[in-house]
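In what follows, chain A forms one complex with chain B and a second complex with chain C.
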Partner chain A sequence: MKYFGLIWSNAWRKKIRTSLTILSVFVAFLLFALLSAVGYAFGVGANFADAERLIVINKITLINPLPIAYQNRIAATPGVRSVTHNTWFGGYYQDERNQFAQFPVDPEEYFSVYSELVLPDEQFEAWRKNRTGAIVGQALADQYGWEVGDRIPIQATIWTKADGGRSWEFDIEGIFSSKTAGAGATTFMLFQYDYFDEARAFGNGTIGWYVLRVDPDADPVQVADAIDQQFANSANETETSTEEAFAASFAKQYGDIGLIVRLILAAVFFTLLLVAGNTMSQSVRERISELAVLKTLGFTDMSVLWTVLAEALLILAIGAILGLGVGWLAVEGLNSQFGTQVPLYLTPMAFVTAFVIMVVAGILSGIMPALQAMRLTITDALARG
Partner chain B sequence: MSKPLAKLQGVSRVYQKGKERVEVLHDIDVEIPEGDFIAIMGPSGSGKTTLLNLLGGLDKPDAGTVVVGDAELSSMSNSQLSHWRATHVGFIFQFYNLLPVLTAQKNVELPLLLTRFSSKERAERAAIALDIVGLADRAKHYPRELSGGQEQRVAIARAIVSDPTLLLCDEPTGDLDRETADEILKLLQILNKEHGKTIVMVTHDAQAAEYANRTLLVDKGKLGFKAAA
Partner chain C sequence: MKSIRQILAVTLLNLRNLPKRVAASVVAVIGVAAVVMVFSAVLSMATGFERTMTAAGADDTAVILRSGSTAELNSGLSNEQALIVANAPGVLKDGDQPVISAELYVIVDLEKKATGTEANVPFRGVQESAFAVRNNIGIVEGRMFEPGKNEIIVGRAAQQEFRGLELDSVIRFGKNEWSVVGVFEAGGGVSESELWTDVRVLQGAYRRGNSFQSVRVRLESVDSIGALREALEADPRIDPDVSTEREYYSEQSEALSTFIKVIGYPLTILMSIGAIFGALNTMYSSVSVRGKEIATLRALGFGPLPVMVSTIIESTLLALIGGLIGSVAAFLIFNGFQVSTLNFANFSQVVFDFAVTPDLIRQGLVAALVIGVVGGLFPAIRAARMPVALALREL
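Up next, the complex of A and B:
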């Protein structure tokens, strides 16, 4: 720490140059934060994926439904512990911009499969007993200011009612939270499948996809194969995959967002390395004689190396902390506005990755000038100065 | 005569300039008594600065030995020399060589960063050193805000702050007007006489050499003769 004043003063030797370098680092890490959050949003399903959960969809496409009659046969498959089903409702609240996910489900079955969701027992019972009851995630309730007891209309974009109406009304009986951290964990709504199936105009007796939990000692791959074999050559063949693989393939409908994000960031950080490395090289070239003086005073080769390297790390750290800080604020701000539609989140792993990038970029940009400073011969450098 | 603080025996130093081999110092023998103030004079390229660098452990001889105090510099590693310089030698350069990004106070504190002194102790010692050179009121000034003479005083404060026994000065008045040069030389005399510092000063200036106790003349890599100051 006693060298900090020296390192700090040297870093600000050319204020405009250092400010511009920090600005470039800031932009790089701001971009990192925003793209990481976007990457999270596209992989949100995979983020919550459970290794013991399998997804069964219609082999043709996810959009094609499956018969509800499959449920008992799937449940009877060896290795299956519990089964539930999901259907995409695709409605909005009051305005088309207020879109979020809604799923008609069976309450008991759903909670047996999604054990990470937390709902007070009395709210669960109230929901179970009310056919038009619904439960909403905490984030969703916060966004729209909903409370237990509210009656809310959801406008259907797919599922018209048998009477031709598009407005579905639900009583909020509970607000759930999740043991899983991260945006998107509580941005959806669940309501009773029985009510949905009876009231809809078409598609009765079908569901969107099944979700099942396998026994801990069962092999998920074997279970998946067994399920698909049961329905082979039927009118509705199935395709079963792990929840993570399902979520990943779903996200890839938009392209390989993860790869795109990584490529952009690689380009950004490569440029950053050139900028920061150039700054450090110039800075060291300008003070060859000063470095020689430090050595004359008794600074060892290694301590000179470390002061130059620390200077590079300091510049990177200032830019990175500012970039991540502003990025985090931006993500939080965007999430509070649009989180139910596009759940943006900066994971702890994103921060760890940013820290590692910061340290590696700092070392890479500073190592050559630092080695040059370390290898300086005092007499030559003083003669040149 | 005091016991010798520094002793050079059979010292030679050769530089390779392209294909040419230049012997800057040849078989030099010299003793510098503790508490002495010696001026080294000679034409450009005669080996004055090389001699100073050898005494300060900034350079190593190709032959012979350099002993300062109890340390045999010619056999020490670079790292050992760094630690030795930090506690035993103070350097004063012609162009002051202060760090422009640090205040006078922080420049003077630089050698103390290599010690175990706390931040407060470092500041106190730097303040004392600046007081000795008469610049206590310029502690917060940056080098660009000081005159040449003031900068050199700060450099002297930096050289004495860790209380070294030996001060090595390379043309300390070479960049100063006569009046300021005399002030600096008087200050060096005070450090020699009142603070007991052993001073070796390289200079081209005969008037500057008169402030020393004696003068060594170096020419073509050899010590020509010694003259009483």
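Up next, the complex of A and C:
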């Protein structure tokens, strides 16, 4: 630490060069932040997966419905604590572009399975009592400016009503938040299944998929097998998996987005390393005689090595912190605009990864020049200078 | 004339000296190459996807869905409604038979070869005239399915992308077994991602009674769409969305290709800015290394302009070399690379190839050019302004 002044003034020896290098680092980490947030959006289901939750879908595919009559049999399976059902409504608000998720559910069952959702008791009661009541997530309410008491029309793309209409009206009775951190946790709407099932033109008595919570001491894999066994060879066979496996496999439907993001970042950081490494080696080459003077003054080889390495780390750290900071602001800003469609979020893990990249890139870009500086012999260096 | 000769002389001198500054120059070249490669790779996904979606769309084929349903998967039409469409004006007739295909669109789970995970693959029930309704489509291996049997024909792209679709193999969906009897191609269009069978068989297998999801008709001419739309919208027995196949598919592809572009272009701009910093660094050090040389030239009577222009030419040349390397690498690595993704509109997979088009390569080279000129400009100004006496003394 006592050498900080020396390192600092060394770093700024050529102001333009150091500034440009810092700006390159800045851009690289800004890209890191933005791309990590996009990667998050694609894996968003997996981010909220709960190890104690299982998903039961029709074995043919997710879009084939299951009979509602399965619910009691699933609930009676040993190890199942609570079960609820979900159906994809697939509607939009005012304009086709304003698509978000809506699910007709049973209020009590749903909240017993999704215990991370938070809704004030009086709002929950009001929703339960109003057949056409709905509750919306905080992020959704913010985006469309909805408040409790509003009546909103949702246009159905799948579920026409028995009277032929496509517009479903709901009273917003509550706005829920979530105990889980991260964008996308509150970007959907829930309404009453009873109303939905009675009013729809077709598909009555079916649901999309079941979600259940297992007892803490039950083995989720065994429970899943037991459920699928029950319905084997019936008209609607089931496929049960953990919420995490289901979400991960669903994310893969888009293709390997994670791989694409990693490849782009690899190209970005490879280039960055070259730029920073080149800066450092130029900088060391220019001050060979200075380094020799330092050694003459009694600096050990190791402390010369450390000052050069620390300089590289300093340049990386300034750029990285600025890049991540601006990236974080940009992600927050974009999320408040488009979050209900593409939830963007920087996870704590992304920051840890960025820190590791920063340290590794700093060492890689500084190590060769630092070694060169360490190995200088005073006489040679002074003669060359 | 004199200044042009001077520019030429100084530039040549400069370029002959390049090997001495090889490390810094390589950094600039690689920086630009990385930008152009990432740009071409990301945007080639969007162009490949669009190409697949638009290859399928004809102007003289109409798609009729239930109003408001946005995609075949969400739609539903009764047998009576399909008959109304068949007898509507504007529909091409072969003899006295209308050229139409009432179809059912469901999804089955197949394993993606690339990831080993399950994917939603579209499974379409068609009528016999499905091939007459569409352009540019035909069986390339095996034979057509026989009506009434559990036989399927598979799109070429689907066969390459998903496991278990080899000719003559038997595949199981739910409680039904299906034999793969043929392979079809559709000019690289989206139909090639699908499996097809007889619509009556599919209705039975998926308990859909006598209902359909869409009706495709061949129009008498491109202009008949208006008459067809008018007639169907006026009919109280049907509440349809009538669009040409081209309109239908371009709407379907809009969300995804917009998404890729919304990511791709800002990504390129940011990376280009990063590369400009790299190029600036290289050129500033090039100018400072050549300080004595530049000062000598100026002392000999060379003007500031040739010194400036030669510096810009050097950086532009380096950037263009980088751009070319990046484009060629992107073309060799990514062009024709087949992937599939979930098209959310129909909640099913679309198989497509990355397409590194000449237009993308041109855009990539323009980006390289901009990086080169901007990256050379400021160092060039510094080189031109360098006070001669000071620079000569410095070294």
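Keep in mind that, in the parts below, the second predicted complex is superposed on the first by the 382 of 385 C-alpha atoms of A that agree within 3 Å, B and C clash if a C-alpha of one lies under 4 Å from a C-alpha of the other, contacts with A are read in each partner's own complex, and residues count from 1 in each chain.
By definition in this document, a contact is a pair of C-beta atoms (placed from the backbone, for glycine too) under 8 Å apart; a residue touches a chain by one contact, two chains touch by 3 or more.
None of the values given here were measured: they were computed from a predicted structure.
Novice: May I ask you to decide whether A:Ser249 touches chain B, chain C, both, or neither, giving the answer as first, second, both or neither?
Specialist: second
Novice: Check whether A:Thr379 is in contact with chain B, with chain C, with both or with neither, and answer first, second, both or neither.
Specialist: In the superposition, A:Thr379 touches chain B alone.
Novice: One more residue to check, A:Gln143. First (chain B), second (chain C), both or neither?
Specialist: In the superposition, A:Gln143 contacts neither chain B nor chain C.
Novice: For chain A, which side has the bigger count of touched residues, chain B or chain C?
Specialist: It is C that touches the greater number of chain A residues.
Novice: Between chain B and chain C, whom does A:Gln71 touch in the aligned arrangement: first, second, both, or neither?
Specialist: Once the two structures are laid over each other on A, A:Gln71 reaches no partner at all.
Novice: In the superposed arrangement, which partner chain does A:Thr206 touch: chain B (first), chain C (second), both, or neither?
Specialist: In the superposition, A:Thr206 contacts neither chain B nor chain C.
Novice: Given the touch rule stated above, what does A:Lys2 touch, chain B (first), chain C (second), both, or neither?
Specialist: first
Novice: What is the contact status of A:Ala28 with respect to chain B (first) and chain C (second): first, second, both, or neither?
Specialist: second
Novice: Classify the contacts of A:Gly298 with the two partner chains as first (chain B alone), second (chain C alone), both, or neither.
Specialist: A:Gly298 contacts chain B only, not chain C.
Novice: Spell out the residues on chain C that touch chain A in their complex, using ranges where they run on.
Specialist: That would be residues 23-24, 26-27, 30-31, 34, 37-38, 41-42, 66-71, 73-74, 76, 106-109, 112, 114-115, 117-120, 173-175, 206, 239, 259, 263, 266-267, 270-271, 273-275, 277-278, 280-282, 284-285, 339-342, 347, 349 of chain C.
Novice: In the complex, go through chain A and note every residue touching chain B.
Specialist: Contact set of chain A toward chain B: 2-3, 5-6, 9-10, 12-13, 289-290, 293-302, 378-379, 382, 385.
Novice: Over in the complex, which chain A residues touch chain C? Could you list them?
Specialist: Touch residues, chain A against chain C: 16-17, 20-21, 23-24, 27-28, 30-31, 34-35, 38, 59-64, 90, 96, 155-158, 160, 164, 166, 202, 237, 249, 252-256, 260, 264, 267-268, 270-272, 274-275, 278-279, 281-282, 342.
Novice: Which residues of chain B touch chain A in the complex?
Specialist: The contact residues of chain B facing chain A are 53, 56, 58-59, 78-79, 82-87, 91, 93, 95, 97, 99-102, 106, 110-111, 113-114, 119, 158.
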